[in-house]
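We just call them A, B, C, D, E and F in the order they show up, numbering each chain from 1.
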Amino acid sequence: MTAPIDPGTIPPHALRRVIDTALEEDAPWGDVTSETLIPADATATATLAAREPGVLSGGGVFVDVVHTVDPSIEVVLHVPDGASFTAGTLLATVTGNARSVLRAERVALNLVQRMSGIATATASYVAAVAGTRARIVDTRKTTPGLRAIERYAVRCGGGHNHRTSLSDAVLAKDNHLALLLAGGTAIGDAIGAARKRLGHTVHLEVEVDRLDQIEPVVAAGVDTIMLDNFTPDMLVEGIALVAGRALVEASGGVSLDTVAAIAATGVDVISVGALTHSARALDLGLDIDVAV
Amino acid sequence: MTAPIDPGTIPPHALRRVIDTALEEDAPWGDVTSETLIPADATATATLAAREPGVLSGGGVFVDVVHTVDPSIEVVLHVPDGASFTAGTLLATVTGNARSVLRAERVALNLVQRMSGIATATASYVAAVAGTRARIVDTRKTTPGLRAIERYAVRCGGGHNHRTSLSDAVLAKDNHLALLLAGGTAIGDAIGAARKRLGHTVHLEVEVDRLDQIEPVVAAGVDTIMLDNFTPDMLVEGIALVAGRALVEASGGVSLDTVAAIAATGVDVISVGALTHSARALDLGLDIDVAV
Amino acid sequence: MTAPIDPGTIPPHALRRVIDTALEEDAPWGDVTSETLIPADATATATLAAREPGVLSGGGVFVDVVHTVDPSIEVVLHVPDGASFTAGTLLATVTGNARSVLRAERVALNLVQRMSGIATATASYVAAVAGTRARIVDTRKTTPGLRAIERYAVRCGGGHNHRTSLSDAVLAKDNHLALLLAGGTAIGDAIGAARKRLGHTVHLEVEVDRLDQIEPVVAAGVDTIMLDNFTPDMLVEGIALVAGRALVEASGGVSLDTVAAIAATGVDVISVGALTHSARALDLGLDIDVAV
Amino acid sequence: MTAPIDPGTIPPHALRRVIDTALEEDAPWGDVTSETLIPADATATATLAAREPGVLSGGGVFVDVVHTVDPSIEVVLHVPDGASFTAGTLLATVTGNARSVLRAERVALNLVQRMSGIATATASYVAAVAGTRARIVDTRKTTPGLRAIERYAVRCGGGHNHRTSLSDAVLAKDNHLALLLAGGTAIGDAIGAARKRLGHTVHLEVEVDRLDQIEPVVAAGVDTIMLDNFTPDMLVEGIALVAGRALVEASGGVSLDTVAAIAATGVDVISVGALTHSARALDLGLDIDVAV
Amino acid sequence: MTAPIDPGTIPPHALRRVIDTALEEDAPWGDVTSETLIPADATATATLAAREPGVLSGGGVFVDVVHTVDPSIEVVLHVPDGASFTAGTLLATVTGNARSVLRAERVALNLVQRMSGIATATASYVAAVAGTRARIVDTRKTTPGLRAIERYAVRCGGGHNHRTSLSDAVLAKDNHLALLLAGGTAIGDAIGAARKRLGHTVHLEVEVDRLDQIEPVVAAGVDTIMLDNFTPDMLVEGIALVAGRALVEASGGVSLDTVAAIAATGVDVISVGALTHSARALDLGLDIDVAV
Amino acid sequence: MTAPIDPGTIPPHALRRVIDTALEEDAPWGDVTSETLIPADATATATLAAREPGVLSGGGVFVDVVHTVDPSIEVVLHVPDGASFTAGTLLATVTGNARSVLRAERVALNLVQRMSGIATATASYVAAVAGTRARIVDTRKTTPGLRAIERYAVRCGGGHNHRTSLSDAVLAKDNHLALLLAGGTAIGDAIGAARKRLGHTVHLEVEVDRLDQIEPVVAAGVDTIMLDNFTPDMLVEGIALVAGRALVEASGGVSLDTVAAIAATGVDVISVGALTHSARALDLGLDIDVAV
């Protein structure tokens, strides 16, 4: 069972902001091409098709963009979010006012191509760790303004989400630990004090870079320990030291080449920044037919 | 001489919206890690360094993010936008309140990494066409909400910008022409009529897919003709047909492998969607030192 | 054939902002008159009528204001945008909840009166130049916040639009040239360098004040040359100097008294700031009948 | 003593919205002219001068526009808001970055020219009624989005403001009375009931079209009675009927030709829609000098 | 007859802002509980019931919150705003998608509980002064951002509204008078000058703390005089001094224990800050039934 | 050690929105009282003093309101947030432009009085449970739009925060369980499935109403179990059943009368809706002195 991929789980206010901003950005003063060349009452049918195989994410977002431009346009989705498809698959059909379709086209494609690119990349990682206990999770290395839809795209690819932001879980990294040490605070004391101050629902995760940092951190009672840039051998050793007292997350240097070996060590969570910071847009095309 | 890469050419309202949205998205309820672990008055120095070679874009944006969080932080940029650097190059130094630096870190990095990724990719294309008359230009395949900064990043890489949006130039594509034909309008008549209706400052560009479409389009008086998915040989033939009556833009199927051959045909403009829709984030890191 | 006057060519986000701002401004705390005097369920029919002759602009905007207040109100437009009417012409009929009609009245009138005032003024200029090659265009001297709808109103009057803003075409004025000279740059060199830096779709226009400035500017390859404050005789001479190498725009000191003579010189474009900066609101009235 | 003309009495949030909207509208993607022609570090001095006589309004707004673009620019105002000036008067001096001055120029001028046009028109009306008890007031016929600054401009011309909006005073017009009558409510009863429902600070004004409507309205206890489209003779008769029991406002058909005769009747208030709905922009110019 | 309690008298823009802000605040990243536990297509019926007696305010707001989340949900209100109810009364029934109902629940309750708390408190004060001429009015001591709906809630409880804000009536308090005195201005002169500067629709109220301040203030021609922190005996004496020349408002130290005695003095208006600044949320509950 | 009470932990974007909204709401068209009565250059000193004992929250917010109105005003805080004070304590001194101080007064007071009311109420609860393991936490029953500052106020009173919103922790209530049961899903299975779908940092809490519901819920692996409306005896029994396998939260019917007995049972967390939904504004006053 994977994380929820119902499009309704994209917060509507975040999606609204993305769509409104993108549409205004793409035509601050209207679409001079269509307004001068296409009659106001011309209609068209357009088909969204895959030009390469992948996993769909953003079908509902595609619909929302089109309906923001013109609620009278009919859009039929042929493939649900989260589904795999082959090159050439017909993904959606759009019918209605031709100017409106042309106005929505680029923004709708920009979103669904990016989201499907992320879902497809995620699915590759998820497939690579199949049969292990490891889940593939995203990071905060998302596109500014698009975090909500990119996290959704990761779920469409079968991945899970890490914390949403700085606000909903503690993740103490090397920089935090260095600052603590500089202040003369022992790591165990600091974590204990944080527990007292934090709300009882706040997850507490700490990153370590070396095996000898594991024991004091785990002993201080963290919920998850992140082993950063550990080799598979070190991960095995680290997991043994943790001994089930916390979840174990592997991070750093994760690629499709390395992820299977990392997962094989028995880690619970593998975080992959590249899912969102370097995903390639999937090649989808909208071909507009002349209305009959 | 390349297009302007002065950071002041990013429209301030667009940049403000990106930064505010990203910062709020990354900490809707504050940074629980720093607030519980780092003393409110701790200070730190952090260094932004390149972990791979590339071309910088977004130094000024990086500064703006940091100063939005905390105007009292000192940021010194060591490399200007548009400059190439090697792996290991120190790009910037940040000094000030530790919580503020940690709060700004991820958003600032997400932006400068993406922008530098685009600039670096663009620079590769520009280098590949050096010595020809061709300029490398972007498309409307930008990240929703980030078009202004991504266009700037293209300029940092030595590229030029195509039209900003649907509003400031006509670009009639195959879909438009098909709709015109379906309405029984000859292309020459349509373009002539458009000229009469358009403002005199609006550039008029038309895309064609076949050699035989060139003459009527050029004869109708376009400013630029786009030859879409033409092979180099077809481009040479097409340029001869245009005969200097319009600028010639090549588009479709442009990659680092093909761009030199395309440029060698003598086209004026080569548009590359991948500059923005599939750029990889450049690997830059912010390492935080403990203040002395 | 005139520029598009389809109301759909007003960018919806700009119109939304104008209407929402105006309605909130006109009743931050509700309409105390109607709320205390008019029963909540009273209905009314109101008629929008012309109290003087003119050209309509803003019929669709009028409808949008009313429907923003109350989507259940029925509005029937009897005259399309761009049409001329005589005093006494019935322009629209509004039927529905009385409080809603009264709430929308002032804002709807303020907009359609201003827009029709601009369209009517523009139509006078257009009529005055009939039979010449000159088109009447607007300027950036628009009401702050209302540029999109005022540009549309100009089109309703048969005029054309100049560039939308500072962003979509170069227009180098005397101030720019003076600054260039002060920097020791020859005008031809400056324009040539600008061409290299600008996107290939950006129109390049330069203003000159004297006949001897024409040749270097035109030779440098501008798209349009603006002859500012030239007498008709000077315009004739200037047009001869340009010799078809660029479009010619006349500006400065244009009034209904002078525009015919200016147009008779053979200029391509005449820009008139007064179309928008000093248009008088057309006298239209909304008379509310009691519902039967 | 006139109403307050301190620029600080323009609500800052309203002014901020106007300026931000106008600046973004005037350069959604930057100023391509300056960015390609003017060096980033060029400086200039510009002078704001009157090309015709008038009354200044918007000096502070002019400064705010400039400082929104660039807080480092120095602006010196030579004439205060509310002061009269002759053609040729130097109104302000602006010194600083040349690109910034050019960027701010048009928006700043559009505002100060409109505001000064309103102030100048208002001053003409105020002068025409000098020596009478009548005050000249504005109406709700203001430019959508600009009401706050236009009301201020009226005060700069020596006028007073009517109610700000539908929210802060009752003004029952013919339409309201007709709807009341249709509902079978006697006007006196309606006004009495309204008094009971309204907050005690809400001013109650009723418009009448005929002399015989005056007694029941005044007897019902209104604060002001508006005599709409009354001739001077009828106004004299009406004022006698009111007999000091309410303020008397004249409205309808007020022009510079008629206002003196109206004022001579002894009315307290004369409202003039043309102050704001048809004011001509005053001719002010910004001449940019090259920095030394 | 009380002030209007039609929900339509809440300004829609203010209500929209409150609801959008509250919904986004309550689920910036979605509702993880429902999204993981409740099927996307589950439906439910929920009933809003009173757990204590009171006066309803916010029924329409409750509906708006629910419909903002999901327009397809059916909401039936069983009790109108302004009505009293006993503990156990069924107030509304909600039927539709279960996730949507759960998403809207808390925000809808937070609003209707607060509003009903204010209405209930107000009704207690209104009941306590029944039979006197005094009306109970609110103050500016409202919750930041909620003034429009809190003023409406006061009306639902049978109260009236004081001025909406600093903008629509003068209320000169001790601080203003002290500043005037410090400037050497006599109170009568100051009020007279203010009258000349203020719009003719602006109500003028002045607060006094002592009996000897009454005569100069009333003689200067105020509309309302506020007697602050006067005992009932002093109020009687003050009212006699005012002698019908102005409305009299009592303020300060008003509680349910003292309000009847204050009203019995014959004051016109009693302002009670506690109506809004310290109202307790009324205990209302939403019980969700499983759909059949 | 209590939760962080540094004012910097209020998210700045949330605070900015509250302050801007409140200031605009309180003077959409300026402050007519000060603008007509107080000279523009008058200065004043005002003191914020406690009229009853309490715990301060919102000192920094008070400063931010004042500085939003006028950055030139000097504000000195004499008591830090989180500190107790007696009636009569001087809390802050404000010096600067008199109009600005009067403009900021009401909004600043409305916020600091509400926040201090919450802090003071919280401190009473915290004091009542001193010496037990129980922490006092807030709920989502906050004022719409003010959650961020109300949560901060709870921390100022020594309390802790529960989850921020629906997005950052699961809290399955009776309604969720009923819907699950209706769908035929066993509670243990549902919770197990949820764990698989949720991000690893999401806290999982489940509410039960009866003792026999405890074992299946705890066995399914929740992080916290909420015992709703349990008597102290039942709580003791419930805690024994949980046997340390989860945190135990008591909720429902918590008042100052009952909280000590509840805490004495050994629960970990006690949630109190009244902290925010029914807090009384603390009586603080701003007395403005005339400047010397």
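Everything below uses one rule, namely that contacts are C-beta pairs under 8 Å (C-beta built on N, C-alpha and C of every residue); 3 or more make two chains touch, one makes a residue touch a chain.
Values in this document were obtained by computation on a predicted structure and should not be read as measured data.
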Worksheet item: Which is it for copies subunit B and subunit F: same residues on both faces, with over half shared, or different residues?
Response: different
Item to complete: Considering only mean CA positions as chain centres, point out the chain farthest from subunit D.
Response: A
Item to complete: Averaging each chain's C-alpha atoms to get its centre, pick out the one most distant from subunit E.
Response: B
Discussion item. Counting only Cα atoms for the centres, state how far subunit C is from subunit F in Å.
Written reply: 52
Discussion item. Centroid from C-alpha atoms only, then distance subunit A to subunit B, rounded to Å. What do you get?
Written reply: 23
Discussion item. Just the number, please: Cα centre separation of subunit D and subunit E in whole Å.
Written reply: 32
Worksheet, complete the sentence: Touching at least 2 other chains, the residues of subunit C are 4, 11, 14, 27-30, 36, 148, 164-165, 167-169, 193, 197-198, 202
Discussion item. Using the touch definition from the top, list the residues of subunit E that touch subunit F in their complex.
Written reply: 14, 17-19, 21-22, 25-34, 36-39, 42, 44, 98, 102-103, 106-107, 109-111, 113-114, 117, 140-148, 165-172, 175-176, 178-183, 190, 193-194, 197-198, 202, 277-278, 280-281, 287-291
Discussion item. For the complex, give me every residue of subunit E touching subunit D.
Written reply: 1-4, 11, 135, 137, 160-164, 167-169, 193, 196-203, 205, 223-224, 247, 249, 268-269
Worksheet entry | Footprint of subunit A on subunit C - complex, ascending | 4, 6, 8-11, 13-14, 148, 151, 164-165, 168
Practice prompt. Spell out the residues on subunit C that touch subunit E in their complex, using ranges where they run on.
Written response: 20, 23-24, 27-30, 35-36, 40, 99
